[in-house]
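Structures given as structure tokens follow.
In what follows, subunit A forms one complex with subunit B and a second complex with subunit C.
The block that comes next holds the complex of A and B.
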């Protein structure tokens, strides 16, 4: 089935570009758009619409439950509108710039949200944050735009790590590595046993390789440099970036050669079947695992390369923002307050099968050993980054995909690849 | 020798049709596997499980009933309206000496040569201006608008070749223009209308692009975006999606079987003109 995917993705990708075009044209079009009186314009006491990209059955059911709960509380009414996540991604700019947009949206925190905020498309939700005093500072910073107001309300986050099967590690007689040297030694051991040590899935899902780039960069150069690089304040052809790839080359011989051909979902299958040793991936991959394998999963943190660099981890944060044009800001904020509360977050974590950590520090995460370990790892981190596209933009992601896939194929051409990457990134930053 | 050739022909054709049917069979088989089976052994492996629960999941959780109704609500009026309008336009353009008729026809055809992608944003903004955004009316209007040029072109070619004497005879018998159109031209154009009807049904039914451009509420979505909606953000239940695809294919297959004959003639419609 995945064979059909690339065409659709590429096709939707074009749609996405078209959508971005809509943003550019919006200032011109808003003049005519605002003159159209929306026929379904809800009055200030009307139902709040929440546009959701959580289309997987469990997550969708969880959201339906939350909205139903909210509606029984008498603080307003809300209706849920679930759109296929791929469609949502490409249509979001259109939704936000339309004359009569939906009120709330599920989306990502950080630079993606800030980008919309800088176009005055997002509602100031500082009021909601007044009741979120106990949220960690890192989440507050992540939800604040350039002008200092909060525009995002986080729901949950998750982590990335090297996942493996406990039973397989026991069978092979190997331990979790702590440092890069340990890690390479582990790879060598696995390889000598005839197992491709590092699984990856780049066919159809080339963005998975960005996790390697992100992690190597925050381990070698640190999170601040990484953020600046992704914001266009540093150059991809910098020697510091090249150092990342020099490290990566040490691990490259241990990658599963088949990983270029299949998507990460099949790489998950390969890992579970013991055809690869370990797999650097986000916790969402567990949704692609059969239920009986879940208890056997464990992970370790991306190995430390330079102990002097403050520890940073990737923790993509999901949540909500509201349209600046909402007809019912009070209702939208009431719903946001409810969604950021302990009760809603616990209900969501319980109902959705995914391994996620609630954003509210008082809400209890699932008490499975895996989640406890993941939470401890994030708590220990000095800095949190999210993921390549979330810390930059969806427009920069393809430049990374091209560069990284090329590097994995032809590591000795790294200088040319980085030059091209810088050129591609400059085009994106110029808009 | 002759026997050998027939045998060779049949073996070759059987292999060829298997090649064509292979993906279809694969999807049907996948729709009967359980999620854990696919997750443990991959989408390409032989089935180790059997379940029909996937169809229930696609039907109820995926909201396919609602989506199929929406699809029909869009497809049937769109086909009827666009063919009706195209037939009228083709009649006028092919049978009357309207000034600039060639230009009008070429303009309609030229519109078809534009890639629809470049019109996504204008269409979306325009449907907002007219207040039709996020209604099935918008989708019907778009489908009619984009089909009209091509259908008119095809029907124009067909009607132009009908003998002029029939029309003259009807005029002598006292028939007005409207009567000639409904009682003489339309019955004679039936083969072309049937072929175009079958083709446009599948085109409109299978369209995804316009549906996601002018609609944003899940209750309004026709079947194609609903199928897309079965995919998760990262991980998809391929078995449920396969089951949903099988269900979604039923109406088009039914139309195809019913109008099979016209499909083939429809493909040849433009060929001899």
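The block that comes next holds the complex of A and C.
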């Protein structure tokens, strides 16, 4: 998933922001900045504080239950602190650099975690990983920082794909496409029936467009190039990147023109109402779907463009890391061990509404056909990517939002757009 | 002495010190985590060549002129119309003031519904046969800025109206009486009696408007976040996204300094003139 991760909690984010806007310009900025040394949660070797951005009602309730369970097991005590996700995102660097930081945090695997690790802000949790021997190698690699120690404990992941309603595809007499050519043919068929083939929701959630960029890039240039590009080791004005947009342009005429104006939640409503044919989105979109529609949902993987490129899929991984400055590393690790266990992961999957796959291979995911299919798709993939911001940084995401929304509006200006993107990215990498 | 020293001490800690720190940060490169690096005027040099900054500056000027100008005209007009006590006038005043009372989050939600595809705006245009004008209001770079100014005005006009109403109430009715006796028509009375008498209020209104324009952030952020691709970016939103999304706090502080200088220049300019006239 993504942006500021992401739209599903955006409303709470706004509440926080409205307050900020009321403050004066100059003093406001530095007041926030200078509060980095201010006091935060403080505890000795007693209870472990876990700072959570899982603020949607189901996820919050699920976390509360897990923590309550942990507290009855006698391995330590923990207290949960749930924070609106946009506030959490902007405050995370402040938490981690403060003198008395909270002990544990919910966050995402990948560059976004490794970046903190490279600043020595994260606790080495290799001890916890000793008991996670049966976790797949892909998750272990993902949780390992540049110096070779584990700094992250995954909780679950989910997948992205083209979602559609089975009943609508049957009504329109169309099949899931396998290749890019099939896909374009499908779009053409839907368009001829008067249905905007591809739904999207960029108003307020422009980061959704990054899924298109990620997928086209990993299908055309492969996941290693994609990761290097996002790490600043390749250039956005490279001809290989332009090739991504040349492909994308073939599909542009099939995008729902209204998708520019509404957020992905409304794009979901449009898909469910049969006003668009399909929608490239992560499984979290189902949070906004009515229960009775869930059984009618199906998805297909992003079509293959070059069969020679090893198959990669986006599988954003959520989990936990701990502050290097925690006063109680033993307690923090005990809680991480509990959270990575079968019991906790199954309880979380059961209690939360989302369609997620537990990270622990022994934990049972939901047995709905959709989840079984999603798990099979990820198991088949040679490489997993996280999502644009997770494979790079939240700081790079706005440069992508600008470039991609502009491309969708003005595909003719692609050369200028890529030059601007490169310039914007260089500023972010430079700091 | 304590009456001055205590507030001064509090101000120093909460206002002056952070403001000075802001100036210092504008000369550094800082991501909010690592130690700051002193870079001299690099941030200001970068700003000179930054097209997004120029766009945001231009948009801020457009905002100042349109939002400021129209809210003064609208607020003053409404105050003139509604100053006379007559039946039902309280209702209209309250109605115009209501948007000020709404939380901005609510305001943004209401206007989002208004602008959404097939929303109220589109329905209205269809009803009067202007459907060729329909566009994604907040997502079209041609219209996004203006589509955000409208809700801001909707809010501000009621506020400015109240300020002017208070000013109009304070004018001695005898002046109008005398002017009428001398045969001044209503335009002449407005031009030569009402407006000069409002001088004190004008200073307040101008300061309020300049400050509100330059700090306009919430409504833009909740409707467009400065997008699509920076087309509705104001200095305030650019500062915020530079600081808290791009984590370039040094450059963001430099933008904040520019905003501060702009506000100070406009307001000081006015105050100096006002004082000179009085002296």
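Going forward, the second predicted complex is superposed on the first by the 386 of 431 C-alpha atoms of A that agree within 3 Å, B and C clash if a C-alpha of one lies under 4 Å from a C-alpha of the other, contacts with A are read in each partner's own complex, and residues count from 1 in each chain.
Everything below uses one rule, namely that contacts are C-beta pairs under 8 Å (C-beta built on N, C-alpha and C of every residue); 3 or more make two chains touch, one makes a residue touch a chain.
Treat the numbers as computed from the prediction; the structure is a model and nothing was measured.
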Is A:77 in contact with subunit B, with subunit C, with both, or with neither (first, second, both, neither)? neither
Thinking of the overlay built on chain A, is A:422 touched by subunit B (first), by subunit C (second), by both, or by neither? neither
Touching partner for A:265 - first (subunit B), second (subunit C), both, neither: first
Touch test for A:234: subunit B only (first), subunit C only (second), both, or neither? neither
Output check: A:330 vs subunit B and subunit C. Expected answer is one of first, second, both, neither. What do you get? neither
Using the touch definition from the top, say if A:94 reaches subunit B (first), subunit C (second), both or neither. both
Using the touch definition from the top, say if A:202 reaches subunit B (first), subunit C (second), both or neither. second
What is the contact status of A:292 with respect to subunit B (first) and subunit C (second): first, second, both, or neither? first
Between subunit B and subunit C, whom does A:55 touch in the aligned arrangement: first, second, both, or neither? first
Shared subunit A footprint, subunit B vs subunit C, residue numbers 14-15, 18, 21-22, 25, 29, 32-33, 36, 90, 94, 266
Contacting residues of subunit C [partner subunit A, same complex]: 14-15, 18-19, 21-23, 25, 29-34, 46, 51, 103-105, 108, 115-118, 136-141, 214-215, 217-218, 221-222, 225, 227-230, 236, 239-241, 243-249, 251-253, 256-257, 259-260, 263
Using the touch rule from the top, collect the residues of subunit B that touch subunit A in their complex. 27, 30, 35-37, 39-43, 57, 61, 117, 120-121, 124-125, 128-131, 133-134, 209, 212-213, 216-218, 225, 228-238, 240-242
Note: in the complex, subunit A contacts subunit C through residues 4, 14-15, 17-18, 20-22, 24-34, 36, 90, 93-94, 96-97, 119, 121, 202-204, 206, 257-258, 260-262, 266, 393-395, 397-398, 401-403, 405-406, 409, 420, 427-428, 430-431
Across the complex, what residues on subunit A touch subunit B? 1-2, 14-15, 18, 21-22, 25, 29, 32-33, 35-40, 51, 53-57, 59-61, 81-87, 90-91, 94-95, 98-100, 102, 265-266, 268-269, 272-273, 282, 284-285, 287-293
